[in-house]
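Step one of this worksheet: look at the structure below.
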């Protein structure tokens, strides 16, 4: 297993293997079904869920509409509180800034809080190229890092691993990274958590530099918020002398008060808890408590391109709760790796093709990685209409058209590989605009029905490989209707 | 062009066609969600806090102010703690009944030294009943963020009912965002193994909450407390 | 009351029995049913596959054909949702593309008067007992467009519970998609088939003889999977159950 997503095959190809992996299917089914029921219960506890969801949506939409103003405001607030703000237009610029800041401290290792933004930009790999070792400290991230694996879930990146696999990874790999796994480690979750505690504690205690993301940034106060469970976040945010936070520009909210919405919706949507065990909030630097130096790196990396799309920009409301992954029947069966991105599942299927563009094979296939069942939209705590955006992105793939890439307007050509489908749907549209032509086709199908094969060649095999075809009736309904005058003459 | 100018320029171009609207932010969001879920008396709020704390595996104890020193001493003894971290402004009286070695969080001491301490006793800034949450704001009776993090055993004292609010919105209204804040809901936990919750990872694996005071006991004015 | 039957292209071509059942049922309930011969397709497959601009002439055609009727009834949750939810969106997008109000105005009249069959029965006709007889053990799959799109809620259950002789059994994981999803079924056939197989196994676990739904597209996929897995269960459209009587029982 490679540690990166470069050169991923299209979604159906990747999913083909995942569907046949019995262990993976069982792991995902167990985990997603466990959390589904709990989330529903946690949400049902609050009677005003719909109002909270609507308020969250409105806060995000308002912020996005005035994003430039709020970013400038945030910069002022953070600076006034003793922090330093940097701006990174893309992954390369962000990695360069972070590497430079770490080099300036003279350190060659950093501890990291789980952060989607730093995964997105490949920070760990970029730092390693500069001789800096980044240690992931979230339990699931640790499992992924030790296993030289790729994350497959937003909240629980090692969701594809069961407890037995985790024990094996800890036993085999911990020694090479630091303190080895305890002798006789079993696969009970409590023992696995204890092994992680022992392994990481020495890293926390000696770390001079911490790297994090943030769940929210408050423009009015300059406050950053990290929501977590294990305490590794608190370790990384408070023990080191220098803290560097890399945060997507869409994570800003206007006011302190806005947190009252998201601190109610995020924990219930993600871990199905009334409140997650630990939330840290810090505003710049504080005399004698925590890091003396704080850097905030604001990351674009495709977000402004997404903002330029009228339908697609709602994806920027996302608060990375992963509720959509947990309810998605496609995610449950294909697994996170098939999405070829640090953002898997329904939100990934609309985020990756917008952040990265639809040029690559995987990104052009992601908008189709959904049956449009709508379960994701229903649970989304900021009401992102994921099916709407999926269909919109399908249109971009098959029709092309104007988009913004790296801040520039470009016109995309229709994607290759859809020519036959395009022709078929155009022909169908032609026939459907002419009832006579439709009827002729139906009659032809009915008259030749005894000649129809039970299995189809070419693309049709995708259906008949696992399902019987319906039998074509002796006459279509419209012929019966006409023959019997709407059933009135049937008895005769 | 700097990254800053580039990003702000891109944002402005992306939004060029979108009407800005002139609704002030205060009116742009309909906040018709509840300020608290259900109506409850002060005593009921304290009961709910205790219930929700316990639900997430915090150990909850209730006592009067007069009983507090004995309760804390008992908790430290039960744990056989040899040392206890003490924030600079903690009420001296809270530890009056215990002989356990006090450790101060000195500016020059590193995290490694704290790692050798068995327990920590702090106060809190506010507690949220609906979510079973304690918020520490770094006040003198709570100390720096690291002291309630590194030791494996945290005893947190909540003065009830005055430090208890019902809901998250009410708590935010009481807090000062310029202070470093830590929200604690139960002991350290993880859902990273098969999306099932397991208590006890990097933060204190044992969280004991002492609810001090309360209706029918001593009047609030007599409850001791630091800043 | 005179209503138009919007049967859908799939039912017209492949499932005429469902159409006949709707006619029989509504006629029995005193509704005068017309089948406008000019009807073709609502454009759902085009829209969902990304061909929004190809969808527009089909939507206009739909509006031309059905615009004059008091009510439009369709035995398909997904096609009903196409008209009700997505036709307004087609109009909005055309407006956003600077093509004016024309499309929105053309499509507006058909949107509020298009009903999925069970909605029409319960909400418009106000009946739940349609006088049906169907002596079989049945489990009901709500389908995504019926459940989360049109929010049919318990309407189908209320109708089924009133059917004489019918034993309704709960489908485990009913709210989960069956994996059809239009072109998804062939574009992502591995995942689609896995979802279909899980749905069929859940249905089988109920001991029902019949899996019932309000959408033949889903039933085509579920039924095709049932046949391949040799379960012995059969898919039946809800209209055929509700149309069934003691005098003329359906299979």
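Per-chain residue numbering starts at 1, and chain names A, B and C are given in the order in which the chains are listed.
The working rule: contacts are C-beta pairs under 8 Å (C-beta built on N, C-alpha and C of every residue); 3 or more make two chains touch, one makes a residue touch a chain.
A quick note: this is a predicted structure, and the numbers were derived from the prediction, not measured.
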Arrangement of touching chains [line / ring / star / complete / other]: line
Central chain (distance from its CA mean to the mean of all protein CA atoms): A
Whole-Å gap separating chain A and chain B, where each centre is the average of the chain's CA atoms: 31
Averaged-CA centre spacing for the pair chain C and chain B, given as whole angstrom: 53
Two or more partner chains touched - positions in chain A: 310
Sites on chain B touched by chain A in the complex: 2-4, 6-15, 18, 20-21, 25, 28-34, 37, 52, 56, 107, 110-112, 115, 128, 130-133, 138, 144-146, 149, 168-169, 172, 177-198, 200-204
In the complex, chain A residues that touch chain B: 27, 30-32, 34-35, 45-48, 51-52, 54-55, 58-59, 62, 65-68, 71-72, 81, 86-89, 93, 137-140, 143, 155-156, 158-159, 162-163, 166, 189-190, 192-194, 196-197, 200-201, 204-206, 218, 221, 223, 229-232, 234-235, 237-239, 249, 254-261, 263-264, 271, 273-283, 286, 288-290, 298, 300, 304-305, 307-308, 310, 313, 326, 404, 407
Sites on chain A touched by chain C in the complex: 11-12, 15-16, 19-20, 25, 310-311, 329-330, 333-334, 367-375, 377-378, 388, 391, 393-399, 421-422, 425-426, 428-429, 431-435, 438, 442, 445, 459-460, 462-463, 465-470, 472-473, 475-478, 480-482, 486-487
Partner chain A, residues of chain C touching it in the complex: 7, 9, 11-17, 19-20, 23-24, 27, 33-35, 37-41, 43, 45-54, 57-58, 61, 89, 93, 96, 144-145, 148-149, 175-177, 179-197, 220-221, 223-225, 227-228
